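Next come two complexes built around chain A: one with chain B, the other with chain C.
Right after this comes the complex of A and B.
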């Protein structure tokens, strides 16, 4: 089992770098979609043999929503907003990758420092979760397009979810469903907003969203 | 059952409202749902409702205080909203800043989102399970984002986008905080304490302290973003200034309180676990910083809706300071929650009236409000004096209670900074607000022939509440405030 968990975690880290380094919007959406699917598998893999119905069903739903449905919606938003297919970051791709490397180092250090009360299924789990969250934050602040900011938000959420899997939290089903529903509706509403931004401004660059500032005497 | 109904009434009415074509029926639906929900929440003061969902939904003294305040404020706002929507139909939709024409969102969606917003806020106030509370707080963001984008133009869209993204990121950090809390609640032998406030408080000594401290910081940042604590407040002035005034009133008067409640629930556990020193110091720092940021941006602010928004940042700072000080200041903070909500909701509604007639948000272009709109002009002046802490209004009492607690505890530095910032904000708000009320209006501003009575009656009723809170606080309310403050240090 731990072999499977470790390979999933390595793939998770690689998708993080993919998200930071690709210049194509479609590739970024795909990277986040793969993350969603990986997390679904991860949540089942960490359960070590004692599978319950809810324990399988819930990661499946989550994987379908985050890995298939939301990416499909973002692809649609991309087409409808007729965004150019480039990511257009504020910082160069090299610098993004560098930032990712620093984030990975910080995550590994944090993973060693934090003492969990129970041993996680893999020592890589906590670092990979923190790394995915940090990648999300980097993408949110360093990218220009509204769509990439949503991708960053999803990556952040994925990292938090992975941390939940790492500490083998037994959250009640109602809460898990609520969290998933919030992410789902959140991205849905953001998708609608992107559609409106595309129509209103003829582009979805958020640095043009800068008419609201304080005008002081 | 009663607790569940408090959430279900607005949720069901909201789902129906989306599909009702008739304006009249939909408005009646909004008013009756708001009235029924408010009546039910008043009833919970007489009959203690039984917990639902295995104790996850229950009303304690703190929750009841926030729930009732939210319901009553929403009831007032719904009457204002119906009058506002009726007026909005007949108005020209030319943007007054840039002159282009815009359309409004469907009234059905606006009404539906209003009711969903109430349902989500109520769920925040009655949730005892901290993860469920997180779900509810995120739901308030999603339900209120469409309210900000009621006027369909690029500025409101920009405000909506910032609101959605900044608050969602903040809330994602709060979720990490919840997970950290779950780790802190796991004992070495593998058994866990359920994430229910009461369970965690009663066994707070057994929590893993480093993880719990980290959880508190994440929750403070996450919910603090939503509450508008500096430096995470950047969405707040944009959203409050671009949303229609009735939505601004609800955002400021009710939503910020709900986010504050998220922090209070964690603070309850801190106090029970003997970590009040640690959490109190953090709250003090963020509170004073928020007041300072507000003072900077209120000084010389030309947009009067943004001025009110920054005033909300200031008051959230005051609340954080009150809780951070602990002791008798907590009572003052609880009282201030009520005072701020009433006053700020009234001010935003009045600002909406001024905006409809003057068609500008620039304070320097508004003059003679007292002669053009006597009722709104008068309420504006009184409201600004109330919110800046002048006697005899409610906010004066609660701000004074917090100041007195700071002095009693020998926190001279906090008291001096607090008082100094209050004085700066008083001067910076009172002068432009008075200039708006007095003088002669420009020629192109004409007093409207007939406007709906509710547009001035609703803020006037809230104004009566503000005055009453300053002169006489009913004994039942004092007792409720004491009970609410009991577990907060």
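Right after this comes the complex of A and C.
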């Protein structure tokens, strides 16, 4: 069982690096979609055979929403905004990957230092969760396109979800549903916003929004 | 018997290394719908080159004439330290994989010096690229070997590869597959294979390794070609040792499994080369950074 958990976590880390190193928006969306599906499987895998209806149903719903529905919507937003790649991010791809390597080292160190109330199912779980959140943060601050920033937000949320799987095997149903709803609504609103920004300004580069004022220049 | 079995990895490498190159070329030909050169073609090329005389430009110095010789000598020494399929290497000592990596670096250093010695701008460009990319490939190789060393608890290539077994794969599959992926990327990069360099092209602007040796001729060029084949075999032996850890007790059976693994690796490389385009030069460091990340992750898991 721990082999399966470990493999999922390694794949989670690798998709994080894919998100950092890829310039194509489609590849980035796919990376985040795979993360969503992996986390669904992870949440079932860590229960170690003692499955309940809720324990299977909620990871399944979360996997479908984050792995299929949100990516589908983001693909649509991408098509509508006619953006296919991130051009000139604030931090280059090589540097992003190196930042990711540093983030991985920090997360591994944190994972060793952090004392948890219960033993996590795999020693890699906490580092992988921290790493995924850090990747989300790096992507949010270092990319220009609004769409990539949404992906960073999703990766951040994925990290939090993975951490949830580490500390509490069963979060209260209400909390889990609430988080899922927040993410769903958040990405939904962002998708619509991207669509409108794209239609109004012919691009979705957020750094240019800074020059928006209501004064005439 | 002991002499034979201790010399066997070296002898197999010396005899069969060009054949692996031929297998790759043949696979690429078949994938492209051609017949391809016969499997013995690399040997014929080497024989042809060895009988010719070497031409040395007046502007070159003794460094140019030494380059190819030192390159081949250091690779032969490096191959002597690498085990093959259950047969331990000729010599093994603690930390010998560092020695292997730096023997290859020594060979590369002299090839680069010889390339710079010609004063050709093309060769200077190739030398610069070779050094840049190997600077990225080296940490990946070291981290991957360190991960294997930490997983198996040995510090020398022969016991490390002897300790990797089917049981290790059962216990630590994620770690071993990460190491293997990193080693394969390093293998492709160090041997100037397609996602990094195109061994078939002779357009100077896109070449890395081939462009450095444009001025070598005759026996010198044969030594460089043979050295390239040995390097391919060396990385191949490590990869096959990790990917096909077959320790049945019967050494001859192990050796045949190892040879079959080498064949699989050759065919796989041919398939990769046929199905991928060469990366743009600026993307190559990214690929090698990915290899570094993979092996670092493997080391963290080990």
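Basically, the second predicted complex is superposed on the first by the 206 of 217 C-alpha atoms of A that agree within 3 Å, B and C clash if a C-alpha of one lies under 4 Å from a C-alpha of the other, contacts with A are read in each partner's own complex, and residues count from 1 in each chain.
The working rule: contacts are C-beta pairs under 8 Å (C-beta built on N, C-alpha and C of every residue); 3 or more make two chains touch, one makes a residue touch a chain.
As the structure is a prediction and not an experimental result, all values here were calculated from the model.
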Combined model on chain A where chain B meets chain C, clash or fit: fit
Partner touching more residues of chain A, whether chain B or chain C: B
Once both complexes are placed on the shared chain, angle at chain A toward chain B and chain C, C-alpha, multiple of 10 degrees: 150
First, second, both or neither for A:119, with chain B first and chain C second: neither
Which of chain B and chain C A:17 touches, first, second, both or neither: second
Partner chain in contact with A:157 - chain B first, chain C second, else both or neither: first
Contacts of A:52 with chain B and chain C, given as first, second, both or neither: neither
Which of chain B and chain C A:104 touches, first, second, both or neither: second
Closest approach of chain C to chain B (Cα atoms, Å): 24
On chain A, positions contacted by chain B and by chain C: none
Residues of chain A defined as touching chain B within the complex: 116-118, 133, 137, 140, 146, 149, 153, 156-157, 160, 163-164, 167, 169-172, 174-175, 178-179, 181-182, 185-186, 189-190, 193, 196-197, 200-201, 206, 209-212, 214-217
Residue ranges of chain B in contact with chain A within the complex: 53, 129, 131-132, 134-135, 138-139, 141-142, 145-146, 149, 152-155, 157-162, 164-165, 168-169, 172, 175-176, 179, 182-183, 186-188, 190, 192, 208, 237-238, 241-242, 297, 299-303, 306
Touching residues (chain side chain C, partner chain A) in the complex: 173-174, 178, 285-286, 289-290, 292-294, 296-297, 300-301
Complex contact set, residues of chain A against chain C: 3, 6-7, 10, 13-14, 17, 21, 93-94, 97-98, 100-101, 104, 108, 124, 127
